[in-house]
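Please read through the structure below; I'll follow up with questions.
Each chain carries a letter (A, B, C and D) given by its place in the written order, and its residues are counted from 1.
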């Protein structure tokens, strides 16, 4: 089997050309999908018999939480790819996606806290899931802080890849320990997990908005990566042609 | 060709941050060689030495040692390299003797004494490096050249902060080393007084 | 350079720099003292919180100690010499971390009986606390060395190391304090000690490699 | 539609404040990250274009 596609994918130039026409459609499709899912969820899905209308927060909370975790998974994997194969596109991906992931984690945290008020009666409960999203957010902030403090590009690439990989290995342990700690401390509280099985009118919009958010984030990530590629490769000829040719 | 040269650099290309250095640089090092690397500030002289020593990886290019490619596994090469960088790697809180014992744990004390005597450091044997001057610290770092058996020396600005006497002593030592089959690659802005060197120029 | 001469020199440097270790311990004591003074000095509050206070103070003191772990080696050029020494950089880093760990942990353990008394730590749990410190702190040092190596080239890296490393320290803190608490309640705690041990072994496998990668990237 | 009229829709059985603040916060966050992404992209392109034009005229 030929591995050229793999190395080609790793070359910023090839990636730039390939992704140029993809970002806007992805982003647009994501927006429409998300909007559709949210409107369905917020206006047409039936009311939850236990939580009333506050459960409609789920259509933001769950997709954001899923995206926050998926983004971290992707960061960790691309960190690994960079450490093993020195693929040039990997650190660009990490730099581009980390802030988006942090926003997703923040959205999950804020929506979780607001959801907590009508459900639990307080803004914050040391619930296992909320706590691990908080930790995830801190991990993102750590990566961003490290990226911003190191001026040397080569060093920053390696450093961020290392910390992403270590985070990827540690995240399951952190999650497990927090869940374990939570059962010791809390006893039985309300958890977001123990909902009655949802009818289709409830979960289909959730699925749609999750897919929408995925596409939206992918579009954003491609745009951010293209920007980063332009910055890093600004001396090369193809960037010159690309920039002079049209407004992209 | 590769059989006689014990170190071969081919098609080297180093990337440092924004700049490309040493694009398509190739050269051989034979035993008995003194190789002087010339170039302006920022031309990549130090980077070249670091690439040979394996501290940084080149973007492209290959390094052969003893006929074998060692670009990715420098282990065998590093065993026969002595590298002295800008910062000498001398620990300030330790004494002169402790510093040398760190790098060369197996030398006898008579060897240690004669090396330090050659550099005029014998009276400072057990004084803390904290109390020494810059030139003396440089001499402490250089005394490793008398103590270790490595064949290839990579010296980054070895003459900096040395006085005329020190330069003379060091040049003599380099001559001894090459006469006994070793090789030296060095960077310097000074003219070599008594050494004959092959020069390699790096351009920006 | 050999592994033996390296580790000898490490201990020698630590001995000459004993004030640094001493400062970290002093910091530890001050953090511990802050709790009775700042929150509540009664044994009702302190006794159940003692293990948590001791562990939090330990984590902070270790972060203080570990941040400067490679700083001097970096500025005087010996880190570069380690990278090109032909020895395994991961193993060198493991040795260095071990030396640092011993230098901080041993005096810390010596202070424990006193602190346990001052914080009214319940009788039955003292030895469990000691065991959690012995098998928990190596993970902190191993993981922390990655952070110290990543930020070695920065002048003001202390805050960044804290931000980077504290999330990774959470499992250790949780398992350790839970074990002590379980011992106080008479519940089985061996499983928690096993978890601590597992985290330690995992860090032992991964951290030296990551530290070596970070050191190599930092020195160029 | 799960609601009888618009007032019900906005009030959501006294949970409206929570639901709408979540949606508001999320919209603002997504808008901000999109805006910063696109403006950075645009800014870099303009900088590079100016630099290339300058290089050409020299």
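Going forward, a residue touches a chain if its C-beta (ideal position, glycine included) is under 8 Å from a C-beta of that chain, and two chains touch if they have at least 3 such contacts.
Everything numeric here is computed off the predicted structure, so don't read it as measured data.
Student: Which one of the chains is farthest from chain D, going by Cα centres?
Tutor: Relative to chain D, the chain whose C-alpha centre sits farthest away is B.
Student: Counting C-beta pairs in contact, which chain pair has more, A-D or B-C?
Tutor: Of A-D and B-C, it is A-D that has more C-beta pairs in contact.
Student: Centre to centre, by mean C-alpha position, how many angstrom separate chain A and chain D?
Tutor: 16
Student: Can you give the whole-Å distance between the Cα centres of chain A and chain B?
Tutor: A distance of 48 Å separates the two centres.
Student: Find the geometric centre of each of chain B and chain D from their Cα atoms only, then give the gap between the two centres in Å, rounded to an integer.
Tutor: 57
Student: Between chain B and chain C, what is the gap in Å from one C-alpha centre to the other?
Tutor: Each chain reduced to its C-alpha mean, chain B and chain C end up 37 Å apart.
Student: Could you list which residues of chain C touch at least two other chains?
Tutor: 220
Student: Which residues of chain D touch chain A in the complex?
Tutor: 1-3, 9, 12-13, 15-16, 18-19, 21-23, 25-26, 29-30, 32-34, 37-38, 40-41, 44-45, 48-49, 51-52
Student: Give the list of chain C residues in touch with chain A in this complex.
Tutor: Interface residues on the chain C side: 143, 146, 150-151, 153-154, 157, 160, 163-164, 166-168, 170-171, 174-175, 178, 181, 195, 199, 202, 206, 210, 213-214, 217-218, 220.
Student: For chain C, which residues are in contact with chain B within the complex?
Tutor: Answer in residue numbers: 1-2, 4-6, 8-9, 12-13, 16-17, 72, 75-78, 80-81, 83-86, 216, 219-220.
Student: Which residues of chain A touch chain D in the complex?
Tutor: My answer: residues 27, 38, 42-47, 52-54, 56-57, 60-61, 64, 99-100, 103, 106-107, 110-111, 114-115, 117-118, 216, 220, 223-224, 226-227, 230-231, 234, 239-240, 243-244, 247-248.
Student: Under the touch definition given earlier, write down the residues of chain B that touch chain C in their complex.
Tutor: 50, 53-56, 74-75, 78-79, 81, 83, 85-94, 98, 101-106
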